[in-house]
Amino acid sequence: MKRLKVGIFGGSGYGGSELLRILLFHPQAEVALVTANEHAGKPVGAVHRNLLGLTELSFTRAPEEFESLADLDFVFLALPHGQAMEIVPRLPESVRAIDLSGDFRLRRREEFEKHYGREHTAPELQSAFVYGLTETNREQIREARFISNPGCFATATLLGLAPLAAEGVLSGRVIVDAKTGSSGSGAKAAANTHHPQRMNSFYAYKPFTHQHVPEIEQALRAVGDWTSELVFMTHSLPVARGIFASIYAETTGEMTVEDVRRLFTRFYRDAFFVRLVEGSPDINWVKTTNFCDIGFAARGRQLVVFSALDNLVKGAAGQAVQNMNLMAGLDEKTGLILAGTNP
Amino acid sequence: MKRLKVGIFGGSGYGGSELLRILLFHPQAEVALVTANEHAGKPVGAVHRNLLGLTELSFTRAPEEFESLADLDFVFLALPHGQAMEIVPRLPESVRAIDLSGDFRLRRREEFEKHYGREHTAPELQSAFVYGLTETNREQIREARFISNPGCFATATLLGLAPLAAEGVLSGRVIVDAKTGSSGSGAKAAANTHHPQRMNSFYAYKPFTHQHVPEIEQALRAVGDWTSELVFMTHSLPVARGIFASIYAETTGEMTVEDVRRLFTRFYRDAFFVRLVEGSPDINWVKTTNFCDIGFAARGRQLVVFSALDNLVKGAAGQAVQNMNLMAGLDEKTGLILAGTNP
Amino acid sequence: MKRLKVGIFGGSGYGGSELLRILLFHPQAEVALVTANEHAGKPVGAVHRNLLGLTELSFTRAPEEFESLADLDFVFLALPHGQAMEIVPRLPESVRAIDLSGDFRLRRREEFEKHYGREHTAPELQSAFVYGLTETNREQIREARFISNPGCFATATLLGLAPLAAEGVLSGRVIVDAKTGSSGSGAKAAANTHHPQRMNSFYAYKPFTHQHVPEIEQALRAVGDWTSELVFMTHSLPVARGIFASIYAETTGEMTVEDVRRLFTRFYRDAFFVRLVEGSPDINWVKTTNFCDIGFAARGRQLVVFSALDNLVKGAAGQAVQNMNLMAGLDEKTGLILAGTNP
Amino acid sequence: MKRLKVGIFGGSGYGGSELLRILLFHPQAEVALVTANEHAGKPVGAVHRNLLGLTELSFTRAPEEFESLADLDFVFLALPHGQAMEIVPRLPESVRAIDLSGDFRLRRREEFEKHYGREHTAPELQSAFVYGLTETNREQIREARFISNPGCFATATLLGLAPLAAEGVLSGRVIVDAKTGSSGSGAKAAANTHHPQRMNSFYAYKPFTHQHVPEIEQALRAVGDWTSELVFMTHSLPVARGIFASIYAETTGEMTVEDVRRLFTRFYRDAFFVRLVEGSPDINWVKTTNFCDIGFAARGRQLVVFSALDNLVKGAAGQAVQNMNLMAGLDEKTGLILAGTNP
């Protein structure tokens, strides 16, 4: 098989950094283009110094006109919110695209504009996008031309809730207490990621208003008969990588941990990257990997699902490549056996 | 006024370490005795090297017989669970005691034995103990001879819930997603506090079974008409100090953040050590202090209270000294203006 | 005694933050003014949230004209390099000043201009400044009107080298391998303190060119007959606070650790804030305190001195207050018994 | 080519953990055996939870008799010091071995016994061992049956000094200020790796007496005409992984950074895993990889070499596999393209 030619828009952020870490070593892909306007001309290994010695690639400016992209098979868009909607309409027809931003995640234009605080300039393309939560959407993803890759919090939450929503066992409100590492704020220094503060911090932010809330609700409605109220709260952890979601639900009837595990095992029987663990997962065991680890606690009708993943891998670049694999007819694991480390 | 003579049983752990840091500089107290069997004879500053140069005190063995303690005004018991109940019955009658362990926190003997996994050897003394959550129990504390000092998780949770329970505005189950720093596991090295693992970890533990659950429920029943179901989940944070509790409640009617703040302001009008903050508290701002910072988020009847404190200070040694101050007729702040640091 | 009225220029940075933490609780001082142009009008406790509830003070803009400062006894200048030299000439004659920046540390104007990359606009005032390394300069400090407070690296290095230089036992070059925590880079977020990177980093910076080099050499010449070559290398540590200097020297004759300790004990016999420790010091035991802990290793004529302090306290604000105490005729320890914590 | 059959003795420690992370995905190797007495019978993924889902392998007890090992091509010994010398003499003749402990690193028995504090029980085998610093010993390694894999500090130091020693440009004493992450203390919890302390610590340990000193001196004598005095000082860093060595040397004549770089470039022309960087290396960029990053600073005859690597990879398991590759006639990079991550 000929190697897939891929381009990455936005190669200097953490999403781009992780796409490069994965795609440069993907046995069926070849990175033909990686853009980063502020670093144009610089070798990739001079910016992402982890990759020094591992690639000859250099960053380029984003092309002025897009015909030149026609020989690409896939384009990954790892840009700040609002830029993908400018780029996607201009892509040559033969190019498939995976967008890691929020631009095409929300079906309803009003919801996008409310949560992202900007006008949508390509709403007509929304229907061409498939939501890329791989484990629940494989068939559609295989056929898609455009993928909107899920948010990191949304992925952790949805992988913990989807089996329950699909089975229709949820009753009443669901509370998600979610925590993220500092890389979730991106590669640019900012007050909330200033090391002397952050290393001793834990705090909540964006209560009730996080932009992943409508994304989660929309995806749960797609999976099952979701009517619960969602209380979603995000917090900041003093680690570089990792999302941990503690999901508090009530079930329609009493369930033991074993009951729940059976339900999840069935739902995820083909999902290599979902690991059902004993007790609690730990972000320590998923960091740098494409795994989402899930564990459970239950008492009567009270159920708690714990979900842990690496925000930059399963929560971003890893899942994006997983989706590309499916779209290209490859095994979804290709290039994604990124073993974590101990310690 | 003559200085209070105080003794500390268990001076080598983190609770003892913090008692020393506070009491050695308390303007109305004098540490006359500090025990630590394994360090007997060693200067305090050789073990707690932060105190080197600040005290001439040395550790001693716990005394064989207790008559010698008769000239002490107060004894602090900072020992592993199960030891205070052996010591308290032997204390001379003139000595008042503040126990930082769980030995006398639970009124009902069966609950103690279930949650602490041991027989209670002094159940007859239980009724002599007052629960030392200062902000809700000041009057009783002033008159008490014995104080059972609250657990760290319990303090954070109760300070966030007590005003709501007292006002009777809670409806339905309450979910507490609580997180603690690694010093909560004590001063002895253990697998779950092994630095190479812990620095990148976040995980849940003791789901539904934490020994602070009955303590919290008992205290809430004392404060108001508590009938809610409590779902209480503890997690481990990769910081040294700090507890952060995200408390999810439903209120009987809709409440805004301002409504809630008013309610809390009234309840804590005399509580110097409870600070009501804008937005979320952050453990970074309470570390090493006796403050509990509390913030709110609300939507309709959904209310989230965020509560942050230092597990070793307001969650242990600081609150213990606050209680001693009340028992001795002092201002509760005496010796407790421990300014935090930035960063 | 009437309380000293003090003003702080530059109250929003970490130096200012620490001056506030100390001076607000100093029994003989009263903070009458604290400037921070970007935060003018805001309560101190809204910016340094550790101080919330502990002070009613608000930030002001720096005054336009300085006559209003005439009732201040002391002014602390905690500003970026280059600003103190604009302010000091305008201070009313009755006001004494302690400058935490590098503006007046170097006697020779050319050295200042070379290392700080700017013209000196008040060179005529240089001779009015006394170098504020308290432990070596007490008598001059008591009489001074202006103090240039030492740099953090310089303090750690000088306290480790001064006794040896004074005794004339050094031979050949001296190598200082110095490491600092991230708060040394200041309170503003920057690439080198971005949490996701910094938490796993250790690297060297400014090899051979750090601006503390001429400061150290000048101070050593003042203390003894310093003719050694100094190799000074700075590194970044992934902690918030702390400087650790490993100082490699050769002595003119063989010295045991006990010999060295005796020499240091004599030199520092009146120095409460220098603690000579067994084995190595640890930044963990000096963080948030005004102590400098010093330890030794020796083999034949090879001597290694280890020096540890908190860059923001003994390396900045703490030493500044120590100097103010001397200038005001107070015990140098006044307000500086800042007990560290364990952990 | 038939896959190499390898066995790992001591699979539960960090060395074993990293050997598994590498060898399970090595395209030419197959892990046939991994021992861990305390975990015998448990799946590897239950202990090293990063490997959950990636291997079906279970731990076994070390075999009673060793004939069964005859079908192994390689045995890795990742055991505490003192155990390899009991095992190696019993290995079937066809089995080659790579020892990650210190048992066979020192040629002179007296030096071993002095530094490791135990009798050597197989001194007759010492001469059959080749020192596995790959970059300086490739030819001997290819022919070796037994490899003593270098210590982590020794690797970082030697890669920074070998080119200079080989070229004969060193003059006078050499000072190595070396720092290690907490995983260097092993996988077992201990006081010096207790998270609440370690996360804010930096301190020196084993001054002048670290067991890697004779190893470094012996290796430098093998490489060139080493006659300098070595001052070697080890320190503890609050990160999980990484060694950083600041190496202070004097050169026989003046050298610029470019002169030094040319010398190193020539010496390491075939060394894929040594990266010569601009400015300082950073442990952040080598963590989890087999790279050693080296940078320089120079002034006149003063030269500083900075060397950074991951103590568990290039400092242990990675270099061990690199040696196996050579011994097996493979490209030394096989299975070792472990891209680091940003962040």
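We call the chains A, B, C and D, going by the order they appear; numbering starts again at 1 in every chain.
We take it that a residue touches a chain if its C-beta (ideal position, glycine included) is under 8 Å from a C-beta of that chain, and two chains touch if they have at least 3 such contacts.
All figures in this text were calculated on a predicted structure; none of them were measured in a lab.
Relative to the C-alpha centre of chain D, the farthest chain centre belongs to B.
Looking at B-D and C-D side by side, the one with more C-beta contacts is C-D. For the pair chain B and chain D, the distance between C-alpha centroids works out to 46 Å. With centres taken as mean Cα positions, chain D sits 40 Å from chain C.
Touching two or more other chains at once are residues 14, 183, 187, 196-197, 199-200, 238-241, 282, 342-343 of chain B. In the complex of the two chains, the chain D residues touching chain B come out as 14, 181-183, 187-191, 193-200, 238-241.
Of all residues in chain D, those touching chain A in their complex are 14, 17-18, 21, 24-25, 48-54, 183, 187, 240-241, 272, 275, 277, 282, 285, 288-289, 291, 293, 337, 339-343.
Chain contact summary for the complex, chain A toward chain B: residues 173, 175, 177, 179, 196-197, 199-205, 207-208, 229, 231, 233, 235, 237-242, 244, 246, 248, 250, 279-284, 287, 295, 297, 299, 302, 304, 306, 308, 342-343.
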